[in-house]
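Going by the order they are written in, the chains are A, B, C, D and E; count residues from 1 in each one.
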Amino acid sequence: MMNIPRKELLALGAGLAGVAVLAFLPLVTEGFWLSLSVNIMLYAAICTAWALFSGPTHLVSLASAAFFGVGTYSVAIFIDVLPFPALILIAVVAGALLATLVGLATLRLSGVYFVIFTLGLAELLGQIVTWVQTNFGGTIGLYVFTDFTETHLYWMLLALTVVVFVTGWLINRSRLGLALRIIGNDEAVARHVGVDTARTRVILFAVSGAFIAVAGAIMAPRYGYITPDAAFNPMTSFLVVIMALLGGTRRLWGPLVGVVPFTVVMDFISGHFPNQTAVIMGLAFLAIVYVLPDGVTGQLETLFRRRRSIDKSLLAASAEEGR
Amino acid sequence: MSVPLLTINRVRKAFGGLVAVNDVSFEVAKGELLGLIGPNGSGKTTMLNLISGALSPTSGNILLSGQNIAGRPAHKLARIGVARTFQLVRVLPSMSALENVIAGAVFGHNRLWGAEALALARVLLERVGLKGREEVPVAAMTYIDQKRIELARALAGNPHVLLLDEWLAGLNPSELRVGIELIREISEQGRTIIMVEHVMDAIRSLCSRCVVMNSGTKIADGRSADVLADPDVVRAYLGDDHA
Amino acid sequence: QDPVRIGVSASKTGPLAGGASGVLWPNIKLWVEKVNKAGGLKVGDQMRPIEIVEYDDKSTPEEAVKNIQRLATQDKVDLIIPPYSTGLNLATAPLIAKYGYPQIVSTGNANDLEQFVKRWPNTFWLLGKAQGIADGIVGTLKDLHDAGKIGNRVAVVNVSDAFGLEMIKTGKPALKQAGFDIVYESSYPLGNQDLAPVIASAKAANPDAFIAYSYPPDSFALTEQAQLQKFDVKAFFVSVGGNLNAYGKRFGAAANGVLIMGGVNASDPVFQAYRKEHLEVTGQEADWWASPVAYASLEILQQAVEHVGSLDKKALNKEIQSGTFKTVIGDVHFENNINNNNWTVAQWNDGVVHGVRATGNLQGAQQPVLKPAWPSN
Amino acid sequence: MLILLTGLLLGGTYTLIALGLTLQYGVARIMNLANGETLVAACFVTFWLYTGFGINPLLGLLVIGPVAFVVNWLIYTWLMQPLVKRARNRGMLEVDSILATFGLLFLFQGLMLQAFGGSYFNYEFLAQPFSIMGNSFGLNRVVAFVAAAVIAVALYTFLYHTDRGTAVRAVAVDPRAAMLVAIDVRKTAAFAFALGGAITACAGTLLSTFYTFNTSMGVIFTMKALIIVIMGGVGDVRGAVLAALVLGVTETLVASLLDPGLTLAANYALFIVVLLFRPQGIFGKRPA
Amino acid sequence: MLEVSNLGVRYGRHVALDGVSAHVSKGEICVILGANGAGKSSFLGAVAGLVGTEPGTSIVMNGKDVTKLDAHLMVEEGIALVPEGRGIFGELTVAENLRLGSHARRAKADAGKMLDFVYGLFPRLAERPRQLAQTMSGGEQQMVAIGRALMSKPDILMLDEPSLGLSPLLSKELFKSLAIIAAEGFGILLVEQNARLSLRTADRGYLIETGRIVGEDTAPNLLKDPKVMSAYLGDAAAAAH
């Protein structure tokens, strides 16, 4: 357990090489392909961060937009007074803080309840920001003027993705990672072998939330003008879940496998069928779900998996298990 | 009996109007193997849930080595040293046998990590008879083997008290024999055990002492042979031809 | 002939699609059809047909930015028609500037425009600053008050999004400064159409005038509730949505006297002809404010090209900065890239909207009348 | 009093929005993200029938309800059934249905876009004052409220007081065990899904009499419905109705007495409070 | 009454049952004995229509070929299963569970009579008709499951390890009840670990090993069979008496 297996070393090597190649991308292309790459890298970072939490816990979080928005606003509010690295730090703290609060409030929620709560979170924050700005002065839109080009954004997102991966890898090898796997398998068992399920979840949610907030912070310069409805756009949360599910959340690199094809296919559709985007996207999506049942579900099978296999017993007699 | 390891003091648990455990008191000495028996729905599982922290009592105290543990959350109790198995077997389906047991070693009372946890898990798997099957995913294992995993996982935490909820149920007679021997061994190594069981052969051959519950109350407590001959127990639980 | 390729990235889906498909897309269609019918866009001595390359930004900045990149670097379009809404225009401005295209914004406005224009001198703001529009209604009310026609009690509500807040931010101080007493004030979330409580509370405060910095769904809902609850004020003002032709259709005679944001000179024959054409070509009625402005932005682009005689972006920018353009909303001339002549308040009257107040020197404003009580039905 | 009545009317609207999803998610186990699009589609059809053919929306219900039922039946049997069949457990079905209905969401939205464009629509129907205890309300909203009450009561009676309804609930609890008591699970689930779709469509028809709608608005309704369904306890009609009414009254209270800008915050506060005390929803049963 | 021949079941590449034949007649109690994983549950599942069967399988019920029928139609043919792990509706009340038992068309007419019969058999259920099934204790849930199966007025009642988790008294009573049920004319097919108790009640028994029938005889004979004694009755069990 303590020494790193060969397979992982190989993966590490391949990963490093990949990152090196990716880092050179802006030197060979710019314009559209770079923009597309920024979008891909953005979702690669967010989806992987999302899966850090939602993968092992099987709790689908729709709070990505909330964290993202918090990060964006961290930059928007302080851009004129602090240097950018400090803003990133603020985003980290703000994201983690928010996640901790939410985590503590929703500890007892499971399954769909958690989903819905997080779904509303972005909307709620958006409204609170708006409400605060309405009632306590200030404009609603905040300008973010920087000298960052797309290349800078791309590099920052790439770096973020790498950090997320490394963190994920470290977590997997730690007590925390084991605790998560146990919780994901059976929460009641987890509690009875001594896992503090609540704390574990909160910590992980905070880590995941902080990363997503950083992604938001990095993207702020691209928005130029930050408004609550753009920063806290609920669509972000949905896209993250969809892409991550598409790729699978069992492995660290799973979400990545979803992000790249999804972004590219969707871009192809919106590029070639600007007037039928929605219809074709819908059909493409249905096709993916039906044609690739194992590509999608095979890996995801455990995502929501309940306890043990259904074959063993048709019904969990929960009264006996002291749930 | 010197200072008891576990003291149940007028513990009560009500679900709405239904009193599942009704002011029950008993003590368990260190190293004892106590049988907890009673008709279906008499409150045995509920009692174990109260001790293991899955439920918190409506009233009453539960003392472990003199410390009141009533109402503490399950994970804290697991750390303090209470481990259990479940009436319907619960393994961690996507993990291997070894990992299942490591789970107990890492987070239980033992709190081992790394090589130590691994070594302990191997030893325990061997003890429950699963040597050589360490890497098998538990989902593919048979019922009895899953029960073995559960036991090893509970033991891996090195608990002060081990709670077994119908651990022997569903085993066929030859498996039952193996299971009984396993529990006997564990008990003989000094582990304190409370076992809930409907298999009387096991109770007779393993437990020197039994507590009998009926509709939430304790109706008998004493040497197994005496208790099992008690007319009340026979009437409520065993049925006539067992006498 | 080699076509002139013009790129558009705007919303076809998402929350902004409602506005964009009512205002921006039909006018692009109308303009292209008109120009091509007339032989094409005059570039120097050539008449070149227009070819549109269009993308949906799904109402998000990420897509909008990507689309602009695609237009500039993949499709290599000659000109760009910028997106719908303030937010997306601001988000895409840096990129559009990077590739040097003129960005004539017809569907967005903000307050700190001077700062923005300094940074990106290729952006042009047809609707002017938010302040002008927000304060228009205050001026109208003040006139009515000074004429002794209404009291000084005002209820003001706003939709709480960027637009609503920009408006309230300057509108409220302006009301105070003009000596009005704000007897009820509140904001409501974007998308909320259950506004009975808002009207009930406003009514309870017994104001003389009601101002709503609102969006289409809520403009409709507020009007319906006011009518149902017999909330009779002498001046009833709604913002975006009140300018839609559908508003007049929906409320019929009840709309008479309702004040709205923006406006047109309805008696201008140029405008009337435009409205007719709009209906014929797009099958859709033009609205009474944003449509002609959006169309004007395209006319400006067209005339700039004709004046310059080439598609050289630098020259075009320069021309737009300094030139004067004949459009459906009258002659437009940018000062510091901002158009300061805008309709700010208009009033419904028998299915037609007449401008009653404007910034700058727009002609044709009519006298506002007091709103009659809601007809009972 | 005014606040309470307004709130109850709003609650009626919310009930309409949520009841269909209660059936689709609670019974047929399909977390239908395209629920809101169904509702909006019904708005459009109603609009089209009314403005194009002069068909009164209330009569329109008689057309739209059955048509929606059939369409949803087909959607279930063609699109959802394969997912149900291949799902090895509840979780997989949940993931699959989320992904598939997400595709449907776009498909529906795209089709509506083709048919009606993206602009705002509304029309006037029964926009007359209706007086209750001296306060006047929109007659269209009152009608919708009455319809919501009728639908909810009918649905409740069906689910809890008929054998067929009990069978529907049995499928919700455990489809496999339901087979063992002679319930045709496939048909029953299809029926529940179709009925849910029909109710959602009827909701759309009624809502269109007082809402302004456009193609992109479905997701707003889906979110509201989800919140109500979860708050009430998945699959529980009583819970959904109660949650909808409570939500309506709270929102109105907050909007009237505090600040309309805080309605959403109030919603969430309420949501948390409910779930803290009853993590399984108002009437929900403990998860098995 | 029930005639199964050449039944095969496979899960992917794993053959769980291969060429299994068995029959149960009216009023007969028939027990299947076998080690864990031998395929007993798969057999019952296949007969009930829950588990797909291999080509060549034939299941005939009351003279009608029902091999390919869906599970819910099997119930109409008179086959009821109390599955492993009980399969009751945890979130419904006891009464609702029982009422659902008579959902089958064949059972509707006599639902009232059957309910009385079930309540007579398991008075605990009569005491708690409104309790949610999942909050009943393990043994009580078993009663709900059996009661529900009986409500469908089956010709053949199949039970998968019904005594699991029941107290000794209840197990005995259960088997007594089974005898009563059989005497009423129901056929009973039973899978049990408690071989002694079940063989004492049963008329006939099958022995199943890794997917094949390896023995069949009358219950009294099986009880005496030394092979059965060592494999299924066990020394520990023998020692208790």
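Following the convention adopted for this analysis, a contact is a pair of C-beta atoms (placed from the backbone, for glycine too) under 8 Å apart; a residue touches a chain by one contact, two chains touch by 3 or more.
Note that the structure is predicted; figures quoted are calculated from it, not measured.
Touch-path distance (fewest steps) from chain A to chain B is 1.
Just count the C-beta contacts per chain pair and the biggest one is A-D. A straight line joining the Cα centres of chain A and chain E is 49 Å long.
Measuring from the averaged C-alpha position of chain C to that of chain E gives a distance of 75 Å. Taking each chain's centre as the average of its CA atoms, chain B and chain E sit 30 Å apart. Chain B and chain C have CA centres that are 74 Å apart. Counting only residues that touch two or more partner chains, chain B has 45, 87-88, 143.
Along chain A, residues 127, 130-131, 134, 277-278, 302, 305, 309, 312-320, 323 each make contact with two or more other chains.
Contact of a single residue of chain D with at least two other chains is seen at positions 109, 113, 174, 176-177, 259, 261, 264, 286, 288.
Chain D meets chain A in the complex at residues 31, 79, 82-83, 86-92, 94-96, 98-100, 102-111, 113-114, 174, 176-177, 219, 223, 226-227, 230, 234, 259, 261-262, 264-265, 267-268, 271-272, 275-276, 279, 281, 286-288. The residues of chain A lying in touch with chain D in their complex are 58, 105-106, 108-113, 115-117, 119-121, 123-124, 127-128, 130-131, 134-135, 234, 238, 241-242, 245-246, 276-286, 288-290, 293, 296-297, 300-306, 309-310, 314-316, 318, 323. Note for the complex: chain A touches chain B at residues 1-2, 175, 178-179, 181-182, 184-186, 188-197, 302, 305, 307-309, 312-313, 316-317, 319-323.
Residues of chain C that touch chain D in their complex: 11-15, 17-18, 20-22, 25, 59, 157, 160, 186-189, 191-198, 200-201, 216-217, 220-221, 224-225, 227-230, 241, 244, 246, 250-252, 284, 376-377.
Residues of chain B touching chain E in their complex: 15, 37-42, 45, 87-88, 142-144, 166, 169-177, 180, 198, 200-202, 204-205, 236-239, 241-242.
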